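Chain naming follows the written order as A, B, C, D and E, and within any one chain the residues start at number 1.
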Amino acid sequence: MEVKSITEQKSLLATLSPGKRARLRRLLFDYGPGNGTLMLLPIDQGIEHGPRDFFPNPASKDPEYQFSLAAEAGYSAIACQIGLASRYYPDYAGQVPLILKVNGKTDIPPSDDAFSSTNASVEDAVRLGADAVGYTLYVGSPRQDVDLHQLKGVREECERYGMPLVVWAYPRGRDIDKKGGQVSFYAIDYAARMAMEMGADVVKLNFPKFDPEKDKDQPAPYNEMDVSPEEAVRQIVESAGRSLVVLSGGSKTDDETVLNHTRTIMGAGGSGVIFGRNVWQREKSEALEIIGQIKETLLSNVRRIP
Amino acid sequence: MEVKSITEQKSLLATLSPGKRARLRRLLFDYGPGNGTLMLLPIDQGIEHGPRDFFPNPASKDPEYQFSLAAEAGYSAIACQIGLASRYYPDYAGQVPLILKVNGKTDIPPSDDAFSSTNASVEDAVRLGADAVGYTLYVGSPRQDVDLHQLKGVREECERYGMPLVVWAYPRGRDIDKKGGQVSFYAIDYAARMAMEMGADVVKLNFPKFDPEKDKDQPAPYNEMDVSPEEAVRQIVESAGRSLVVLSGGSKTDDETVLNHTRTIMGAGGSGVIFGRNVWQREKSEALEIIGQIKETLLSNVRRIP
Amino acid sequence: MEVKSITEQKSLLATLSPGKRARLRRLLFDYGPGNGTLMLLPIDQGIEHGPRDFFPNPASKDPEYQFSLAAEAGYSAIACQIGLASRYYPDYAGQVPLILKVNGKTDIPPSDDAFSSTNASVEDAVRLGADAVGYTLYVGSPRQDVDLHQLKGVREECERYGMPLVVWAYPRGRDIDKKGGQVSFYAIDYAARMAMEMGADVVKLNFPKFDPEKDKDQPAPYNEMDVSPEEAVRQIVESAGRSLVVLSGGSKTDDETVLNHTRTIMGAGGSGVIFGRNVWQREKSEALEIIGQIKETLLSNVRRIP
Amino acid sequence: MEVKSITEQKSLLATLSPGKRARLRRLLFDYGPGNGTLMLLPIDQGIEHGPRDFFPNPASKDPEYQFSLAAEAGYSAIACQIGLASRYYPDYAGQVPLILKVNGKTDIPPSDDAFSSTNASVEDAVRLGADAVGYTLYVGSPRQDVDLHQLKGVREECERYGMPLVVWAYPRGRDIDKKGGQVSFYAIDYAARMAMEMGADVVKLNFPKFDPEKDKDQPAPYNEMDVSPEEAVRQIVESAGRSLVVLSGGSKTDDETVLNHTRTIMGAGGSGVIFGRNVWQREKSEALEIIGQIKETLLSNVRRIP
Amino acid sequence: MEVKSITEQKSLLATLSPGKRARLRRLLFDYGPGNGTLMLLPIDQGIEHGPRDFFPNPASKDPEYQFSLAAEAGYSAIACQIGLASRYYPDYAGQVPLILKVNGKTDIPPSDDAFSSTNASVEDAVRLGADAVGYTLYVGSPRQDVDLHQLKGVREECERYGMPLVVWAYPRGRDIDKKGGQVSFYAIDYAARMAMEMGADVVKLNFPKFDPEKDKDQPAPYNEMDVSPEEAVRQIVESAGRSLVVLSGGSKTDDETVLNHTRTIMGAGGSGVIFGRNVWQREKSEALEIIGQIKETLLSNVRRIP
């Protein structure tokens, strides 16, 4: 089955209120690679996976490492939870923008009924001088009713304070596991649309993975589609409509894959990347090197005007 | 068993507060086919089913398609969720009225305990210039207690702001499945009454389906009734009392069925139709053609003065 | 085992705040049969059972039927939910008092964990000019904690606004089913006391039924008591203390039973009846006839001064 | 294993705010037996067990009986729920102090997950002129999280209004059943401490029962302790620290046991008793006689200055 | 696998608001051993385990014992729940700082779904003159969503009132039991990071235990790590970042272990200890002796400037 491309997206910034526009513009143009791109550094793994993610590069256990990296390497923003934002961000305030993640959870319990409750508020973000708020939405979880309602509150506060809303849109839960899994094209495509429909300004998505065995469990017509990863990412970006899309990296992989993913998302009309472990699980000099390459790749593949 | 007709319904508009009346009148007379009819375009399928509904007509994946269609073809209103209303409606504000749907969910989990939590508020609707609010009520779900209480809050805000309330009344959940299923005459008839009793100004219902195998599981006397679809729809409309009724289409079907359903609902004293996939899963010229036919059918079968 | 009678109840009205007293007096003396009696017309069956209850008398499907009946026949009050109260009561405002029922549910799911959430508020009742509020309490349900707490909120608002509180006290849930069932003497007796202790001004109860097979499952000493229905009703009325008691009819039965029940409740010191299907599942002339007989029976058997 | 006595408790009244002190002093000195004792009459059995508790003495079914008994016999206070407090207490206001119980439940469902939600508020108690508030805490129930949080709200309101807080501390739920049961020394001892730590001014406890079979299921060292009932009660009173302790009676027993329990609790440093069925399940003259004996026993065994 | 040390932590006090700084400084420098250390006396065992913890030293059952001990021996603070804080702290106000624990529970139900609801508020702490608030977080419990959201409210109130937040970070629940248990290196390390990320000013942790059998169930790389207890504690303290760490003792052990643990935590860059049963399960003279040794050990092993 063939799916044709849709028209180019209209500017998102043009649809935003002054507060959201001012803040999001800062990330897109004033900090980071600029030119409408987003290079984001996430450091929520200490909550989501525990300290073990820091073991490959012990220096990374001290949040100072990521904050100084973000500031020195010139990131569009650093994303973290309230504890780090309160204790480590102050030294870097004004040097790199902050995205305050307002919900999170450990990965100790299984994710059959995944839901992340809020542990901070949009008002916290305002007080800390953040330029955006991050929210993890578990698309398709059995507890989606609680999740969507909680997101309503966060979105409304974002509108009230003119704070851009970045949604980590993750398909999750026992039911998506039965329909091809959480990284299938179907799952990620649905997540992209869902985040956009819920009012996300920026959507963070995982790179879809193809697995012949699992893919046939996807609902039609996904179960019979034969698309390249590039085409899949292009369609996913389309599903997010006017919301900007950034792609995440997941666990550490080789450099070529990192840069290829960067090229793919930009070529598909995305706005950037949010790589964590692939960056800070390296010693500083190595980290700075890959960051430089990512930045260059981002800038040389810009297709969308935000 | 024979069931006789009841008297014609009194004007709904006459019972409404000024705010509700002003807004609902706009949909019934100033936009769309007019003359007291409702031709509504729903675009909540991206949430309820995911992007797959857009595949038959890739252009439909861009919400621009539905918004421009609604404006150009002259719809009574377009119904969508907060994300689309915030990003796509502004360009069409004043050209076609907006119904903001305030709850929704993905169809990834099973619907045994169906419940859609709110992801937007009536105040959002006011702010966006909407002329009505949409709410999905899962009639007979095991979680009806949460649903009815949530609807209470929405209804009260609607009264406070003079905002008409459109209830998507869907029988759903494991228990209705045991009593003949969610599209039986019994189920739809109950849903119609329920929505009216809960204060809906407009009720959206599915066309009942007859299935000898399942129908015998309906509670008496439905299990032994032998009525034509036309008669069933007539009775269902009666069950909604003074609330206006619009019929939905469901998945795409042939044109004759679409127009027949339109005739049936109007002949039964209904006020219009809300067809989504049957309209926008076509290329624009084809879509405009069927819309023209629907509009004509609506206007030539008006029986009720709203 | 013999149980002796207690003293006559003191006046309830004498213990009420001015607002409650003014409103309840209206029902007891100014409307309906008067002389301290209550003849109430319930029309909540469209929610609680669905439209099927209207089939025996199709005219009854249009709420106009019950409203006009209540006004013409001179009822003490009509009891219905928010939808009917908003759309149909306005034409009868001032002609017959309104009891706004503030909670309800469909009977599609089983009642093992019965609970009815509120779909309207006491403030709604005030706004609509109602003279009392109705609340369904499922005595002994596994969810009694939620129910009793919700009732607290309703009762407090009733006190705030001087609104009489009528409690539909129904034993319900999987546990009462194991202890003799929901219409046993034990169950109804407990429900009467419970409603009174929770602050009901008027308690609506079902007529107890005797069933040798089930009755032995009641807790002692009910399982071994041998009392006549009249004696049981008398004791049940005593259990409600100073709260007024009205008896309900349930599904349609023969006229003699209707009038016998009326005599029994009045003879037991009750204040009246609340018959729905037994009245409006008849054509108007027949309905008016039985209403006349009920009214006469009420007035000729008054024993308690409210 | 031997457990030694601790020092005498300091005055509780000395630690209380003026409002609490004024009200509690009234119960301890101005009403009832006085001299720092508490003789309380509970009448919450109509909710907790249903009307069957009134059958041994039919007169007791009319709350007038207990209210007049409390006033005539000179009780420190009468404890009841909102319905009785609203309808029966007004006639006795000023004659006997009121303890308004703010939560309760029927015993129809099993108590595996025992929890009593509030059906009245501390503000209700203030409005009704009560001198204390009663709260039932189910110590060790699987729903303790909801219970303790609810108690927080009641305690805070008590502090706000200067209202003494009486906690009915009952070990309950499926887990305590596995650890020796709800009336073991372990269970009651834990309950006493828990209520004190949660801020109770007065703790109501059951008399511990010894049962060789069940007692060995208690956690160490209780499972191997060999203490007399008197010693157990003494230790339990110590566990309640500065909170005053009153002992309850449970179902009706013989007079000697009633008076023995009274002596035991007073000798252990307790402040009084709260006997219900043991008192009002008798005809008035008999009731007054046992009350006289209880009062005398209380006054002749005072050990603690409150 | 080798894990290297990270840089020394920056001063926590320097990052705190004036209110938090003033109060926490009091604990660190003005009371207790001083010099930036924390010697805390917990007395929440009466709630968490019941009175049985007081049996080894009956005098300890009277909270007076712990309060006087804390004041006389010169503790940095005493930590207890609302009941003790209200009734026993007033006599010691100004002599020893108070940490008000705002949540807690009995250990009667199993801890598969561990969650402690709040029974007091930060405002209570302010009113009582406390210098910090304590909160128990069950890291990795299936109910972490409720826990983290509740902690959000407490943290925000702490920020509002300038009240330091001490988090008891306990891995707990059925899932951590499957991943090596609640005292594994993995579990404690995760808990340390979690508390810090949630905004704790001080984190209370258990001493990790090594158990070859269970340790292999830990997620990688913990399951294959071979570190000494000292090294594990050092890494755990690092995981808490700028939050101060105090180590708890658990059930009573021998003196050498107590002092060794004290040395270990201080050597690892921790700030002190919170030993309860190891201290007050001794007669006063013995207790004072071990306290003296702890104090000396603390002061002679200071490594971190808070």
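Before moving on, here are some points about what is shown:
Following the convention adopted for this analysis, a residue touches a chain if its C-beta (ideal position, glycine included) is under 8 Å from a C-beta of that chain, and two chains touch if they have at least 3 such contacts.
Being a predicted model, the structure only gives us computed values, none of them experimental.
Taken over every residue number at the interface, the positions common to subunit A and subunit E amount to under half, indicating a different-residue contact.
It takes 70 degrees of rotation, in steps of 5, to superpose the Cα atoms of subunit D onto those of subunit E. Rounded to a whole number, the gap between the C-alpha centres of subunit B and subunit E is 57 angstrom. Averaged Cα coordinates give subunit B a centre that lies 35 Å from the centre of subunit C. Shown here, the protein chains touch around one cycle, each chain meeting exactly two partners. Beginning the circuit at subunit B and passing next to subunit C, one meets the chains as B, C, D, E, A, using touch as defined. Those residues of subunit D that touch subunit E in the shared complex are 1, 3-7, 12, 15, 139-142, 144-146, 148-149, 151-152, 155-156, 171, 173, 175-176, 179, 186, 189-190, 192-194, 196-200, 219-222, 235, 238-239, 241-243. The touching residues of subunit B, when paired with subunit A in their complex, are 46-47, 50-52, 55, 58-59, 61-64, 81-84, 86-88, 90, 104-106, 108-110, 115-121, 124.
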